[in-house]
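Heads up, the next two complexes both have chain A, just with different partners, chain B and then chain C.
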Partner chain A sequence: MENEELERKEILDGLLEVLRTVRTIDPARLEGITEETDFLTDMDTPSTELINIAAKVEQKFGVEFEDDDIDDLGSKVKDIINLIIKAKARAQE
Partner chain B sequence: MPVPGRRVAIVGMGGAFPDCSGLGEFNEKMFAGKALIREWPKAVEYNKQIRSTVSGYITEAEMGLEAIYPIPGVEYPETYVDTLGRIPDINLATADMGSVWAMIGAKESIEMAGWTKAETESEQTGVVIGSGGGGHQILRLAWHGFFELKKKARLAGSHTVDRTMAYREAANVSCLIRNRGVCESIISACATGLGNIGYAYRLIKFGLQDRAVAGGVEGTALETFIGFDAMMVLSRGFSPAESSRPFDLNRNGFVCSFGAGIVALEEYEMAKARGAHIYAVIDDYFNNSDGDGNMFYPSSDGQRRLWEGLSANVEIKPEVVKVHGTATPVGDIIELLSVVDKLGESGYHVSAPKSQFGHMLGAAGSVELITAVMMLENQKVLPCINSDTLNPELETFQKNPNWKGSLKPVSEYRHLIPKEVIAREINQVVCLNYGFGGTNSAMAISRDI
Partner chain C sequence: MTEQELEYAKVENLVGQLPEHWMLHGPKKRYVDQYLYHSPSVGIVASYTPTEENVEDHFDLFRGVDQIESFAQATVVSCATFSECKKLSVIPSELAKRFVPAFISIGQVNFHSYLEKGQTFINIGFIKFYKWRQMVCEGRIYRAPKDLDLVEYFKDFDEKRLLAYDLRSDFVLIAELYDITGRGIKKEMFAKLQ
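Up next is the complex of A and B:
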């Protein structure tokens, strides 16, 4: 359980590094970000930017998402973290 | 159809100009007779792959922009940062470099015009801006990633479409200024710049809009440059400042340059009523096609009909003809002799501003219209620098038995083509631009007196 939490925390930190490079996200809105933060409603991120974030995340974490995963992707931070964990697990199979 | 009594004024200008920080420095350098053409380090890097290496280019830093690259060493500009804080990040995210210039030029033009927020955002305000090429710089790397590197399509990012679509400059400007009127582009090769302003003029003249932000753009892109380099039509063998030499006997091609020219147009009586400064009044605009089936070769007949169309409804008696004058071997002289055919052999001057900054392709017509406005404002004729030697012999086409124009060599018209800036009374300027496909455009502008 602790390992899982640690992994999620590390991914969130990495995700924050990615988000800081997205110019359309107000850096002030990254303060206090949690897994429940919603990109669209809480951070005012343009919906077209989500796919850019996903692409950057793929490069940052060295994973590749399936198109179906992207299609079903929710707009909360936890949705991307879950997707990264899923993609990592798939890569290890 | 034109609404009787409705006229169109130019009330604002802006854009991006090679080797200049803005419109003020552009005005200063142009009327000092300086050349804005430099050797382009980016072209030089490609050594023997490229034939010509001079250009009136504009770097990101010169425009106060910083490119953000997603991965070090990759040339793909993911987005730009406006270090001068003019354009919000949300607008920069959807823009290629030319669109950023268009937005900066639009803001400058509207500020100069003095339009209120309500006027700018009105249903009666249109945006008509276009460029000659696509978003080549963005597309090259997006396509390379997909086709050559076999990357997923999404790795090109979600802004490939908005940053490369044909009317991206108009779309970006419209999203920035939030106008509610038309948003369109006219694409007509090197006549694009004047074509967009001409179309915007008609929107106002025909009573469809009261105001318009209009112009042409060509963002710096080596991807664009090499297309013309491949055609062997670019100047080479001269120092950068001497490379663009319209009418000169030794000219051997044009200088491929980049820039943006944006103007604010407004219905004349409305502009006058609110006390706006009228930089110029558009007398009329006319455009046509050669109709001879030739993609590249200029048409004397097409240009003769162009002049007829321009003069059909208004008096055309310019003190200056701002020619297209690219410095290609054939085009310049056919154009000059068409002017002589219409206006005679004296009483006006020919101005070729491409001699100073090269050929800005889709931006050429609009930036050159701005130079025409500056000529009216300064009461000075911009020169044709580097036109050192005019051919004392007849051109080959003049020896053709079917040739109907002047039978004098170009050297007989030296008095029309100043090599230096000259002061004179200027009340009207005619601007001419042509493009591949045989498209011709002409606009006459006058002082508001």
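Up next is the complex of A and C:
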């Protein structure tokens, strides 16, 4: 359980690094970000930006997302973290 | 594989293909006549000539918004349809049963000149991003020199020339288009957007 929490925390830290490079995200809104933060409603991120974030996340974490992953992706921070964990697990299969 | 699927599987690029075979909408709102050059991972050149109907109620001019539509059809819609069909090994009509080609966003567009009825123009665009059925293209629209044989002219075109907009000096710049973005959305998801 602790390992899982640690992994999610590390991913969140890496995700924050990615988000700081996204032009349409106000850095001030990254203060206090949690897994429940919603990109669309809490951060006013344009929905079109989620694809760009996903592309940067792939590079940052060395994972690969599939078409269906992106189709099903929710707009909360936890949704991206879950997807990274899923893609990592898939790569190890 | 059916005979039709085999025929499509053999197609290496869109040059010489009929736009109506790859874009299933139309004919009234289809603004591509001919594919002149196509490098599937790089970009495309396609022409269109506005008709009487296209300029009706608009000073005999082809509207700017229709120029953007033409560019998007020539680049994002055509290139993404081609690549997705190849990836999934399906024909365009099969692809259309699964996905709706949706306009997602438009970046900046700068207009430099205009197009009248009967004036042939080319859309020349390159692919900036293509992943997860989303494609982003940018490029230009040029009015083609009158009476130029475009098929012959683009016969030996190449990627380097496309990326540099390397054209004869009598092509007239009409518009520059940035970040034209489209995505193939699953039909069931598209229905939920209503």
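The rule we apply is simple: the second predicted complex is superposed on the first by the 93 of 93 C-alpha atoms of A that agree within 3 Å, B and C clash if a C-alpha of one lies under 4 Å from a C-alpha of the other, contacts with A are read in each partner's own complex, and residues count from 1 in each chain.
As a convention for this text, a residue touches a chain if its C-beta (ideal position, glycine included) is under 8 Å from a C-beta of that chain, and two chains touch if they have at least 3 such contacts.
These numbers come from a predicted model, not from an experiment.
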Quick check on the superposition: with chain A as the shared anchor, is it clash or fit for chain B versus chain C? clash
First (chain B), second (chain C), both or neither: which does A:Thr34 touch? neither
Between chain B and chain C, which makes contact with more of the residues in chain A? B
Classify the contacts of A:Ala55 with the two partner chains as first (chain B alone), second (chain C alone), both, or neither. both
Between chain B and chain C, whom does A:Asp71 touch in the aligned arrangement: first, second, both, or neither? second
Once the structures are superposed on A, label A:Thr24 by its partner contacts, choosing first (chain B), second (chain C), both or neither. first
Which of these chain C stretches, 21-29, 165-173 or 183-191, gets into chain B when the structures are overlaid? 165-173
Share the list of chain A residues that count as touching for chain B in one structure and for chain C in the other. 46, 48, 51, 54-55, 70
Chain A-facing residues of chain C, complex: 104-105, 129, 131-134, 181, 183, 186, 189
Within their complex, state which residues of chain A touch chain B. 21, 23-24, 46, 48-52, 54-56, 58-59, 64, 70
Contact set on chain B toward chain A in their complex: 68, 70-71, 79, 81, 89-90, 92-93, 152, 154-155, 157-159
Hey, which residues of chain A end up touching chain C in the complex? 46, 48, 51, 54-55, 65-67, 70-71
